[in-house]
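Consider the two complexes below, in which subunit A is the common component and subunit B and subunit C are the respective partners.
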Partner chain A sequence: MGQRGVGWLLALPGLAVLGGVVGLPLLYALFLSLTGYSFLRPSYDWVGPARYQEAFRDPYFLHALGLTALYVAVTVGLTLVLALVLAVLLQQNLPWKGFHYFVVSLPMLIAPVGVGLIWKMILHPELGILSYLFGKVDFFGDARYALFSLALVDVWQQVSFAALVLLAGLRSLPKEPLEAAYVDGATPWQAFLRVTLPLLRPVLVVLLILQTLAEVRTYDLVYVLTRGGPGSATDLVSYYIYRKAFLGLDLSGASAMGYLLLLLTLALVAAYYRLLTRG
Partner chain B sequence: MKRWLVVGLALGLGASLAQGVVLRALMEDVPETRIIEALLPEFERATGIRVEFEKVQYGAMHDKLVAQFLTPENAYDFLQVDFLWAGEFPAAGWLEPLESYVKASGFDLSVYYPSMLDLVGYYQGKLYMIPMYNYAMGLIYRKDLLERKDLKDRFQAQYKRPLALPRTLEEYVELSLFMAKNAGVSGAAMQGQRGDPNFMEFSNYLFAAGGDYVDRNWRVTLNSPQGEKALSLYARNIREAAPKGALNFNLDDTFRVMCQGQAFSMVTYWWMLPQLDDAKQCPKVAGKVALAPMPGGAGVNGGWGWAIPKNSRNKEAAWRFISWVESKEIVKKRALMGHAPTRKDAFQDPEVLRKYPYYRQAEAIIAKAKKVPIFAYTAEMEDVVGREISLAAAGRKAVKQALQDAAKGLEGLLRKAGLLR
Partner chain C sequence: MVELLGVRKRYGEVVAVDGVDLGLKEGEFFTLLGPSGCGKTTTLRLVAGFEAPDAGEVRIGGERVNALPPERRPIGMVFQNYALFPNMTVFGNVAFPLRLKGLPEREVRRKVGTLLEMVHLVGLEGRYPKELSGGQQQRVALARALAREPKVLLLDEPLSALDAKIREELRGELKRLQRETGLTTLYVTHDQEEALALSDRIAVMREGRVEHLGTPREIYEEPATPFVAAFVGTGVLVPGEAREGLFHRDRPWPVRVKGEGPGFLLLRPERLRLEEGGFLEGTVVLATYLGSLVRLEVEVGGLVLKVDLPPGRVPALGQRVRLGLPEEAPFVREER
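Right after this comes the complex of A and B.
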């Protein structure tokens, strides 16, 4: 057996498990999306791409997709910027370093549902501490702010993980290019923009991919905080698909929408990946 | 020798299994479930059947139950069915029809209010459930504010009639707006969160205005002058008299606001009254709250029923449990421990009434309560109609347009369910 063969052999158990728990359900969902299967009529009558066409004609699904795009852009953008600032700060020689690490990693350790419940009380317009201190603001009950309130809660949690990843990235950068830049008379700001950031690009792109995937799937916070309302102001696509399946009992329609979302996400990741490998 | 041992073991195991049937059920994790749990040893002593409850939050129940219905053998031998699922489960063929059990055991159905049997008993003429618990909706209001001298005078001056409990929906919203302006509290603690909360709340307004969702033949009647009146008044009340954030409030939020003494009224489930009237839990309003039917007449009916899944392994034993737990004696015991009854005799029992005098109002609410359409897609109906109510209440869609879209959505669901051609 050659080296290649041994490699495959070693990977086999893992691949088998992945195939079982990821591959098979994916194939089953693809099959379902081409049938008329529902919980009330569990029969696999073939309908071809009809469920996909329906999804494209569903104005509320399209609305949810658009809303999710906006949401992902806002949360991922904010998360990356804030995380970068935090990571740079943490890299300095601050006193109480251990304590700062601990505080920054705290949000990551709380389950999203817990995060939602905590912020729900903090932001409660009548009884919350923020309303008490700064006057009543209707964070989730006003359709104009609801999506951004949701995004802020989300970012609060996500920044923690992103900052730690970026910090690890910063730590592993080679020192020589920076030193050379300083010898050549670069200001710290120039050094950061022209040397550190380009060197950090692979880490940033990986983080971009991870965060985008996490945000596209946002469901728990919507469930806990707004249930998609007011109106349809926070009706993100994952929550929409969940309702299609479990309120509408329409597993095939939900599968079709799930596949559309999967394809869109794949395209996005492919685009990011080119960003990573280019140059 | 070894073989005999195995056979012996198997026999012993078989015997012990037959002797001690264990019934399992999925129950909502609420005080009522713990009340029944406390009585279970009595059932075991009488029948030798052990009952085990798996207790979960309401939100987790539906999906868990559906998953079990789709397996060949249900993990649960009997269940409690929320009225919102009382169309879906029978329509899918997941529940065992109960007529033959009722007949064989001589179980008396006449002790239940017709509105209860209609809600969590029959589905399209067939009996699938036995009423277990009622949570019809009515008006909870602050007696003390209605009796305040300055408010009385000001109301009389403004409306040329005495300050009193409203008799119609218009009067109620008028009073709510008045309280919001003059009493230093919100007029109504409203649960405007999209979905089940705002759908349930709005349905009271709809019924109070004389409207309904469908007629007897499932033709949609929501988009009517009455519907328009109801939605306009609802939107006005939530925008001008409800607490800030009401558009995202659920039941817990409205309870907190009311409990803190920050609202005059709430349209809610009648069992909220003892919660608010509890001096330990809500010292600010205990003794000052009262219950009344929804102004204008009918409020929304709600409730739970007992049922046996078609794929239950122990149907006979499950029926023995249901007929025991719904017997006159046990229902009275449950009632005295704080479990709201559905049997008339428990509501009218002097001992029960002495302990819970407001059951008189509750009985009136239940007897008159109307149900929202119960069919295979009731849960999705709440979502679709709730979305439109929320859009109208938030001022993002005109009342007329929202009603039209809600009616269209409801029609689509009824068609999908095969109730409309």
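Right after this comes the complex of A and C.
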């Protein structure tokens, strides 16, 4: 057997597991999305692309998509900016470095449901510390604040992972271009903007992809904190699809929406990838 | 133009620079030469402002610059690994310091054009560093370092990442550019040939101190210590004694030396010759073909001396030969 054959043989167990746990469910969902299957009428009647066409006409689904786009833009943007600030601060020679690392890493170590419960208490309109300090604000009960309160909790959790990734990126950058910029007369701020940030671009783009994927799939925080409410103020698309499948019992409709979301996400990743490889 | 007065720098327990005193004259090509870890790069970084001295003073153009950050010192610098900005074209790299200065774009274009002409890179303005060879990248780095019109040019082993042919070519260009611009230049290298070829003066460093400061000829022909003698050029140090103007080993050798007392006679391969009736007799143990010459190693009473010969008349291995000594040779003593 040639080297290529041995390679395939060694990869086969992994590929089989991957096919079983990822490939099969994906194929099954694709199949479902082309049928009229629901838990109330469990029959595989072939309907073709009808469920996809329905999804495009579903105002709640379109609302959830728009809301998710806003949510992703806010959370990913805020996360990257805050993470960059934290990473730059952590890179300095501050005293108590280990303690700072520990504090920054903490949110990453807590399960999302735990994070949701902690913040639910902090932001509780009657019992929460924030309401006690700043007066009564119904962070999750008022449609004006709910989405942004949810976003802030999410950013609080995501920022630690992003900061550590960016810190690793900053540490791995060659020192000389930065020193060359200083010799050329750049101030620290100019050197950061014109040398460090461009050098950090590959790390930033990878992080952008990871964060976008994570935020598009946000489900757990919505489940714990708002259940999509008040009204549909926080009805993000992943939560909406969950509701469609398991509360509406419409498995084929949810599968079609899931596939549409998958295609949208893939398009986004492709765009980011172009950004990464450009230049 | 550049002065270092009793400069010290330590990193924890390690003393990197240990009381260095140096003075570079205006327009001089000055080289810090030494093996890895001798403190030469740290000394350069102290001048650049990337490190602050623990003691002593760094002066540029008469001004004390200890507390000035690199961007406020009148310097240009070329790094070992070029340190080009990968996201900028050749033009962008060279224009970078000019744009920081706030020059109008027309002036920037004119200056970049002149600089690229100077380093023979006209036509490559639009390329990115990864599209250039090592030699071209180093030329860009040089043009960028000159763009600010610095008073002092600092070069940190700028040729060591290049292959031999390009290194030699760039060495010549560096010398030409320095002559043309008249720029005071501080050059760091571990390559003694490079130092001898380029410099007006050389400081040979060892363990954070300057072991010998002099012109290339002085360093090569009259090394101050056995370390300098062994580090610069090829040669064999023969232990013995200087007495009444002659070198003594087991008997007086017919070699005139300066000084008195114990020390080492430095015998360079180009100063020894094969000679019938020569003073020393030995056995050929190795012959190395070096293109323009053959280097012979001859064992003489427990010493292995090196002799350079023109290719052609090379004795066989194991053959007994006699060696003629130079009439005069450097004599170096242990103390620093």
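Just so it is clear, the second predicted complex is superposed on the first by the 269 of 279 C-alpha atoms of A that agree within 3 Å, B and C clash if a C-alpha of one lies under 4 Å from a C-alpha of the other, contacts with A are read in each partner's own complex, and residues count from 1 in each chain.
Keep this in mind: a contact is a pair of C-beta atoms (placed from the backbone, for glycine too) under 8 Å apart; a residue touches a chain by one contact, two chains touch by 3 or more.
This is a predicted model, so every value here is computed, not measured.
Asker: Let's test your reading of the overlay: on subunit A, do subunit B and subunit C clash or fit side by side?
Answerer: With subunit A aligned, subunit B clears subunit C, so fit.
Asker: Once the structures are superposed on A, label A:232 by its partner contacts, choosing first (subunit B), second (subunit C), both or neither.
Answerer: first
Asker: Report for A:91: first if it touches subunit B alone, second if subunit C alone, otherwise both or neither.
Answerer: neither
Asker: In the overlaid three-chain picture, which partner chain does A:195 touch, first (subunit B) or second (subunit C), both, or neither?
Answerer: The answer is second: A:195 touches subunit C but not subunit B.
Asker: Based on the superposed arrangement, let me know which partner A:174 touches: subunit B (first), subunit C (second), both, or neither?
Answerer: second
Asker: Please tell me which partner, subunit B or subunit C, touches more residues of subunit A.
Answerer: Answer, by number of touched residues of subunit A: B.
Asker: One more residue to check, A:136. First (subunit B), second (subunit C), both or neither?
Answerer: first
Asker: State whether A:126 touches subunit B only (first), subunit C only (second), both chains, or neither.
Answerer: first
Asker: Pick one for A:248: touches subunit B only (first), subunit C only (second), both, or neither.
Answerer: Touch partner of A:248: subunit B, not subunit C.
Asker: First (subunit B), second (subunit C), both or neither: which does A:182 touch?
Answerer: Only subunit C; A:182 stays clear of subunit B.
Asker: Just the number, please: smallest Cα separation between subunit B and subunit C in the overlaid arrangement, in Å.
Answerer: When the complexes share the chain A frame, the smallest subunit B-subunit C C-alpha distance is 50 Å.
Asker: On subunit A, what residues does subunit B touch that subunit C touches as well?
Answerer: none
Asker: Which of the residues in subunit A come into contact with subunit C in the complex?
Answerer: Within the complex, subunit A touches subunit C at residues 174, 176-177, 179-187, 190, 194-195, 198-199, 201, 279.
Asker: Under the definition above, what is the set of subunit A residues touching subunit B in their complex?
Answerer: My answer: residues 39-40, 42, 60, 124-127, 136, 138-143, 146, 225-233, 243, 246-249.
Asker: Could you please specify the touching residues of subunit B with respect to subunit A in the complex?
Answerer: Touching subunit A: residues 62-63, 66, 70, 88, 91-92, 192-195, 198, 243-249, 253, 256-257, 260, 262, 376-377, 379-380, 382-383, 386-387, 390-391, 393-394, 396-397 of subunit B.
Asker: Which bits of subunit C are touching subunit A when the two form their complex?
Answerer: Touch list, subunit C to subunit A: 48-50, 69-71, 75-77, 79-87, 96-97, 100-101, 128, 141, 144-145, 147-148, 154.
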